[in-house]
Structure formats: structure tokens, C-alpha cells
Amino acid sequence: MTDGATYTAQEIIVVAGSKIIEDKKIVFVGTGLPMVATLLAKRTHAPGLIPVFEAGAMGPPLNAGLPISVGDSKTFTDASYVKGLNAAFEMTQRGYADFGFIGGAEVDMFGNLNSTMIGDYPGGYQKPAVRLPGSGGASDMAASCERTILIVPHDKRKFKEKLSYVTSPGHLDGTPNARYNTGLQGKGPYRLISTKGIFDFEEKTKRMRLISVFPGETVESIQAATGFELLVAADVKLFAPPTREEIRLIREEIDPNGVFVKKSS
Amino acid sequence: MVWTGLSPDAAREALVNKDKSMRDKRMALKEAVALFIKDGDNIGIGGFVNIRQPVAITHEMVRHGFKNLTLSFQSAGLAGDYLAGAMMLDESRFSIKRIELAYWAHESFGLSPMFRYLAERGKIEMEDWSNYNMSARFKAGAMGLPFLPTRSPLAGDVPSSNRTKIIICPFTRRKIALVPASNPNVAIIHVTAADKYGNCIIRGTDATCPEIAMASAHTIVTCEQLVDHEVIASHPKDVGIPFPAVDAVIHVPFGAYPGACRRHYYFNGDHIRRFHAAAAPMQKGGASGALKAYYDEYIYSIDTFGDFIKKFPADKLMADQAAESYNCQRPA
Amino acid sequence: MTDGATYTAQEIIVVAGSKIIEDKKIVFVGTGLPMVATLLAKRTHAPGLIPVFEAGAMGPPLNAGLPISVGDSKTFTDASYVKGLNAAFEMTQRGYADFGFIGGAEVDMFGNLNSTMIGDYPGGYQKPAVRLPGSGGASDMAASCERTILIVPHDKRKFKEKLSYVTSPGHLDGTPNARYNTGLQGKGPYRLISTKGIFDFEEKTKRMRLISVFPGETVESIQAATGFELLVAADVKLFAPPTREEIRLIREEIDPNGVFVKKSS
Amino acid sequence: MVWTGLSPDAAREALVNKDKSMRDKRMALKEAVALFIKDGDNIGIGGFVNIRQPVAITHEMVRHGFKNLTLSFQSAGLAGDYLAGAMMLDESRFSIKRIELAYWAHESFGLSPMFRYLAERGKIEMEDWSNYNMSARFKAGAMGLPFLPTRSPLAGDVPSSNRTKIIICPFTRRKIALVPASNPNVAIIHVTAADKYGNCIIRGTDATCPEIAMASAHTIVTCEQLVDHEVIASHPKDVGIPFPAVDAVIHVPFGAYPGACRRHYYFNGDHIRRFHAAAAPMQKGGASGALKAYYDEYIYSIDTFGDFIKKFPADKLMADQAAESYNCQRPA
């Protein structure tokens, strides 16, 4: 590692996520690691980033620290605008969210996400093997943010050929204009960050494509942990490991209590 | 099945025939729950995840006992858990027939063992929507409309899990979704402040509380602060829910606890985890003892929500107040 | 006159209007004489009346005096709820307005009102003989308030067989369930107050029916001033003239500057 | 013709590509009008009748000169009058092609002679809607939707005067109206207070200003008070229009005068009547002299709206402020 920091899989996700966000853009922030990545971006290269949370806050400076919910009191203090859920989603539908930052339990090669159930849909819908929380706002963000950044821990059982249930639409079946033709807005999944690397979605096929490999992984090790065939960019990059300063910010300033970024023990 | 609460025509008729005058609506929580909620009702739940959930009202509903309820909400945490836990313990005393939801879990506090228990055993009908879908459904109900159009999620499996209709927009010729209004029988809402007539001020997120209250045939409101009408009327633009939408006003400090309420208290994560720990054994196929003990101690053996709050040490309550006063600094 | 008050045609409209409103009901108040009638009702038999104005105020006590616009600052002070036009009309559409109090330039026997244009519609729509202000909120109130009270100065050219333009739907063509069948809500026109008397709309035919005659008028004089055949109630009443106290309230307390109730000179 | 401003797809595209960052948007009114308004644009007009109309912006538009504008509003008074009066004087310098409206008059101050002049001579295309229709059309635009359903007016001649589509509701099987979104090219709005980024506080009625601002491709805001961001951010729930919806912020005290602005000034009825009296001869078929004299004195011969306000005696301005402070009593 460049300057010798040790870090966890969650920490490198946070660092990668923060780097993908651009400064001065409006970012619709989902719960969990996206919040940590957003704070890290705001404190490093993107001080002009404008966070939006689905419970209704727009543009809070987040000076009171890391929210533990997207409706947390910390998201409202000194915000520029505070309404409720309808207003947040209406703004997104209108085109105000440049980026949406969402997670899921399963992902397929077109960036569709499942956060509803594990089991057989529709046959087993009313008695799923595992019942997950449900869409929340994820499917709305996936439908209407201009570009989405997905976060899914890398695991063969999570990177699947076919999802149990499609909660949040990505590039759908990958056919040209698939999103537009179903009435969706926005360009859909832009990047996916896993615990092993960073992916984009190839222009023509809309298939997931490895563009950056985290330290310790290879194209082969990542394909081996993926339940479908990955595309691989011609110039796959080695992602630079987090710096000591990034790790310090995460551990000491942003999430000192390990609310979302678990302490390695 | 199109309407699981009131149909739009029935919702209008109920409101037209209701006494909408400006009168004193203060009553005991026990009385409000007995007066306005019936078996089989569709209950609209206010708040968002563990923020400003109507926890005190759900405790009283559990003590009263109801059967075959439909619960409607965008994202719920503790309110759903308290009702579902009662069903886990004794379905003949308390039961949920159906839920119309976007999300039921606890963000950083994890999944809901109660939801998993009921869902994975096929004990409740589920209808999945998105947060915007449910919010728009309440909003359609509040606006007196039978539906609202939405552009999300439109694709994937959510629309086929529910009553969304996808049509061709007659103006753009593109596909658009129509989601049917939700007009619950009863809204249960916790707010920051209210006057005795039911004018409510909400600090922080409105969540979808105004929409749920305006959409429902009846609304029960608990409030952290009960203030004079003149105090509220001097800032009428702060009023989020107007008095004609409200049927009962009950002053219940800490009414969303152990969840959070802006300007008053932050989450008591320890107690949320303790409650979940009591339900976890049953979710994993084990015994009901821990959950029963929790309900006996915190709900069944006591009479009011004030008694529940008294079970917490004063220094813990003050610490949760202090945490919130850091989030939201303002002199008293 | 019972106690010897003299009064103008506008003043008796105001007194009649105030008496039709019931206490403790929500009244959606249109601009002009309805405002004066509402204030008179609130200061006499209906102190619990709840006024709503289309610009967004609900329930103001109106202690600062007579508003001269439905968006007047006086409607917001000490109100119970203040938003904008959408909120006011959404509440009405939902069923919150027990009464709506509206005016028009022309009326027909079914209580349909015109406040848009005099001329030939649709042929002359883009070049009307006289262009009136347009619907404003009147057609919305007519469509969605539970019951409406109409105010139209009595004149053969204003009480017409056929309107130039139907701005605010009343009982439409009077056929059974005409309102319901076109998608409207509410029971439609409940009373009409003119400068000559008070009318209801007969249950079966939905036709305008004289129920109360103002002092100095007769069934015949009113029919003579009406451009269509009136129904007449079996027990037409003679409307008691305004009392001195009612006139004093209007002239000295409610509209002392003659904003809507012109001073007789 | 379905879309007279931006289509929903074009409105989204414009917003996606716009710089939405939190930056200083203060500029001169002259600069804002020249930068954001073009000939042929659809202009969304804020306020309601003579309350908080963007009078200063219309004066500057008249000085600049524009052709073939479409004006969209629910109920307008002075803003429409000032633009229409300029067209009455010289159509080659200023012209309105089309209006989409619910009401154009002055309540207790009577009809608009300017509107009658243009309408009765067939000089403008008219599309009549109701106040709720126009409000819902802006709201649909603000929500990113191509239409909203409404239940009014549904019958009578208003729906056939415009682009309303009446469909059978797929849920209730009853008729319901769909009104197409309005996404104007430019919103012109006067607010009570704003910060330099464009976060706006509106006292009294919101009218449909938030909806128009959120629906439009660009928004020009004038404000009675320009305040520090920290002052506004300490009460974020008071913000009616958030900064990304705003492109230009101009501090213009009395910017809605001789109309009214809550907490600042009440109507100057004398001047409204004087302005109308100047237009009345032309409406009745007479000469343009009085109207020309009015425009020369109050608009064309001066450079800024501040010069217009300076034409009123200080004691009259103070009297109109005092009248408003009686309507709305509060210590400074």
C-alpha cells in the first residue's frame, strides 16, 4: 500500500465511492456506506457536493456528524430545504439528482438490484425464504436519478445471473433504450463498487465491466467470485489503496463509532 | 381488490359528513384508540423508519387488541415491530392481515426480526411498493384523487407486486405508472407540537405525516408539546397538519421513544437492540419466552405510555435529549 | 321594513348570504360580496364558521378586517394553516369545503355560471365581444365544494336561457346524476341569491326555484326580470328586510370603506 | 400543439445539464432579464392577482423589449397589465403571442383594461383554465410529471377551451381530467427574502411560486430582503424555493409595488387605479396618449425599479408599510 495504511473491505468501498462523486453535484444519498462516502468526499475533493436525503433534507453541511438514518436529525440542521419524502422524490423525478448512491443484496450483469426477497417470485412472494427490507427509496433512486452508483459486497451468491426479484431497475435486459422504453428517466447505473473492484457498464451491451481492481485482487480472482461473465476493460487499472489520511478521516472523524464501517477486530 | 382502506368516493363521503369544527379534541390515548380504531381497519402509520414513529399509539393498540389490521406505510421500524411482536405472541389477541409497504427494517440497527418472522412464515399478505409509491399513494388520498402518476419504479418486479397500472401517457405517448390512492381508516401520527384543536407543527422531516392525516377517515395525533392555539396561529406557515384533519390530540412526551424526535431526543439504540434481541429467538425458530417477557414488562403490565417511559433511568433519557440538542443546537 | 332600516341591493344580498351559511362549517369564500357575507355571519350567528381562501389561508379569525383580495394579507394573520393555491384546491377536492360561495356574470336555470366571456363560443372565443376575467377558482369551487351558494345580480340579461360560456358547472343540463356522471363531486348549487330573492334548485329537475322574495318584489316581478321560466316554491317566503344592526355592522364595522358594498349616494 | 414551454423530456434534460451548484447568483435585474429571457419564451408569472406579483421584473422586461411571449399564470393583475400595456403602445417593441390563464383582473380594483383591449381585438391567443388547473399544471411540471389528474372543472366549457384530456379512471371507472404539465422557459418570481444562492422564504401565500420555479428551465427571483445564508439555513423549513431552482437573485425592495407584499406593504390602490385610468381610453377605442405618458414617466424614462419607487412620496410608501404592519402585527 502506497503509504502503508491498513484498511478493511468496507473502508476501500468508502474511499472508492467518495472518489467517483464529482464536486458541486447533487447526490441523493442512500443509507449506510453511501453516507460515509459522501462525508469523505465532502471533506476531501468535493466540498461543494450537495447531499439530498429521501426523508426530505437538501444540502445540509452535516456538521453534526454522520447521520445513522436518512431521516436523521443531523440531515436537517442548517440544510437549505426541508420537506418530506414526496418532495425529495419529486425533485429527483424532475431531474435534480445528478447522482444516486444505492445498495442492494444482489446484483445482475445489467446493474439491476434486489433488496426485497430471496426465494421464488412471483410463486413464493407471499412466503419468501428470506424476507429483506424492501425497496425503500432505492427503486425510486434507480428509476429517476440521472446516474447511479451501486454498492454491493462481492460474493458469487450476490453477483447473480438471475435475481430472485428485481427491486431497483438498472439497465434492465441491456437492450438499446430499454430504460427509456419502459418510461424510466436518467442514464441508469454508472458505476458499481464491490469489495473487489470498480465496474462500469459497457456502452453498447450495458453489461457490467471491470475497470479497476482493488489491491490483492486480479481480473481472474474477481471473475471467479462472480456468478456471470464479466466484461473487462482494455485498460483495467489497479486502484490505489486508501491513504493513511483517508483512513484516519473515516475512523476518527466520520464514523468514529463504527456505525456503518465496522471496526476490524 | 382495488381499495383496501376507503375508496375515493367513500373517503370523500366520510369527510363531508364529519364534524370539522374547531373544537377541543384532547382525550386519553386509551379512549382515542378505542373510539377510532376497529378490527379490520387499514391503519396509516406516520414517521419514517425510527424517526417520529407513533410508538405510544402502537403500545396502546397492543394493550387494546385488534384483529385483521392492514398496515400502510412507506418505511417503518418500531411502530411495525411493536404491532408485529404482539401478533407473534398471540394471534387471537392481536393480528395483522396485510401490509402495504416500501421498507420495514432499521437501517443501521439492522433487519426487523418481527417482519422476517411473519413474512417468512406466510402469516401476512404483503404488497411491496417503493417509498415514493407509498408517499404518492397517501398524497393522492390527501388530494382527493383516485391516483397519482409516477415515473418510478415503472420497471423491475415492484410494479407487478402491487396494483400499479402502467399506461401510455396521452400527452407524451411514453409509459407512465398510475398508483392508486391510499385512504386509510385511521392515521396514527406523532408530531412535535399541537394545539388542542389538532393543528400540528412538525420539525425535521414531515415524512408523509401530513399526507397520511389528510388522506385518512380519522387521525389520532400524539404530540411532544401541547401548546396554546395562539402560539401556533402566530406562525401559521409552520402548521403541517390543519385541525379539520385531526380527531384526537393526546399529549405524550417521548411518544416516539426509543426512536428519535427532532428537537427532543435522539435514538435509544440500546433499547431498540434489546427489543430486537427479545424477538430474535422466535424468528430463528425458538421459544417466545424472551419476547413475552419484554411485552409483559414494557406493555402488558402497565397502563399508560408514561409508565413505559418511567422504566428508563432519568440519566439515560437526559442523555438522549442531550444527544439531540447537539444535533440541533438552539437556546430554549 | 321591520325596524325601519334603509338598505341597498348589495346589502340585502350580504344579509341573505350570511344567513344561509351554517355555523361551524368550512366555507370556501370567493372574492367580493361573499367576503362581506362571511364576516357578517361570523359576527352574528356563526362565530365558529371556518373560512378558507383560495390563495391558501384556512381558518383566519379576520380580526384585521375585510380582505380586499382572496390572497390578502388579512387572510393569513392568525390562520390555522397557510400554504398556496394547490393546497386550498386539494383540500376542496378531498371534501373539506362544506360550502363554496361564488359569483358570476351570468347564470342559467340549472345554476351554471359564466365569468369568462360574452360572445359566441367556441366560434368567437379568440375575439369575444366582452372579455371577462375568467374562471379564477370559481369553476374549481363549483366542481368540488360540497354545496355552493351563488350570487348574481338580478337582470334579464344575466339570468339567461343559454349562457355564452359555462365557466362554473352547476347542475349542468339537470339530468339525474349529471354531475356524478361527468366526474364531479359535491351536490352542486344549493342556493342562489340575487338582488330580488333567494332560490333553491328543485330536487328532481334541478331547476332554479324561487323560495324567498325580497321586500318590494313579487313572484311576478322576479319572473319578469328572468330570462327563463322559474319554478316557484309552494310556500314562497317574504324575506325579512335587514335589521338596523345588520346594516350598521356592514357599513361601520365590516366594510366601512365601501370596498365591495358600494355606499348609496 | 401539446407543449408551449418545454416538453417534460426537454425540461428534464435542461435541468440535468444545468449547473446546480451552490454559488453566488446575485446580479443586476437588467443583466438577469437579458441573460435568461428570449423572444418567443413561455414566461411563468408568480404571485396571485396583485399579491407578490413580479412587478419590478415586468418593468425591466418592458424596457428590454421582447416579442411573441407566452404568459402562463393562474391569476394575474399588475404583472400582466404592465406587459400588456407595453404591447398596446408598440407591438414591434413588445408583444405577447399567447396567454395560458385562469384569471386576469383585479378583484376589488376591477377589470383589466389591458386584457380587455388585447382580447376583444383578437390580438392574443387565449387558453382558459381554472386556478386549480394552472396550479396543478405548474405542480406537474415541478414534480417532473407530464400531467396531473384533477376533478375540476371537468364539465362546462373550460375543459374544451384547453388541452385537458378527460379519461376513465382505471381504478374507479369514473371520469377524471388530466391536465398537461407546464414547464415555462423562465419563471419570474418576487419573494419576501432570499439568500445569495437563491434559497427563498415566502410569507403569506406561497401562491404557486415554488411550483413555477421548480417547473421552469430558469428562474429569476427578486426579493424584499437579501439575507445571509446562515439566517435562512437556521430555519430550513421556512424555505419555499431551494437554491438549485434559482438562476438569478436580485435585491429589489418594493419589487411587487403598487401591489402588496406580506409583512412589507399593502396595496397602493390609488396608483393601480391611476395606471388603469391611463389604459382605459385605448380600451374604449380612444387614443394612446395617457398610456404612453404613463409608460414614459414610470418605465421608459428611468433606468431601474429603484427610480420608479423614488417617484412615490416617502409618506405614501410609509403609509402603505404602516397599513401592512396593521394587517400583520409583529415587533421588528
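A, B, C and D are the chain letters, set down in written order, and residue numbers restart from 1 in every chain.
FYI, a contact is a pair of C-beta atoms (placed from the backbone, for glycine too) under 8 Å apart; a residue touches a chain by one contact, two chains touch by 3 or more.
Keep in mind that this is a model prediction, so the values were computed, not measured.
Two chain pairs, C-D and B-C, are weighed by contacting C-beta pairs, with C-D ahead.
Subunit C and subunit D have Cα centroids lying 28 Å from one another.
Averaged C-alpha coordinates put the centre of subunit B at 39 Å from the centre of subunit D.
Across the assembly, subunit C contributes 57, 76, 82-83, 93, 144, 185 as residues in contact with two or more other chains. Shared interface positions of subunit B, defined as residues touching 2 or more other chains, are 144-145, 150-151, 174, 176, 203, 237.
Arrangement of the chains shown, judged by which pairs touch: an irregular graph that fits none of the line, ring, star or complete shapes. Taken together, the chains touch in the following pairs: A-B, A-D, B-C, B-D, C-D.
Partner subunit B is touched in their complex by these residues of subunit A: 31-32, 54-57, 64, 68-74, 76-77, 82-86, 89, 93, 112, 116, 121-122, 125-140, 142-144, 165-169, 172, 179-185, 259-260. Within the complex formed with subunit D, the subunit A residues making contact are 24-26, 48, 50, 57-59, 76, 78-83, 90-96, 98, 144, 146, 185. Across the interface of their complex, subunit B is touched by residues 2, 7-9, 144-151, 163, 165, 167, 169-172, 174, 176, 178, 180-181, 203, 237-238 of subunit D. The part of subunit D that touches subunit C in the complex is made up of residues 48-51, 74-75, 101-105, 107-108, 111-112, 115-116, 119-122, 125-126, 128-133, 135-136, 139, 150-158, 160-161, 166, 174-177, 203-211, 260, 262-263, 266-267, 324, 326-329. Contacts from subunit B toward subunit C in the complex involve residues 11-13, 15-16, 19-22, 142-145, 197, 199, 214, 230, 232-234, 236-237, 239, 242-244.
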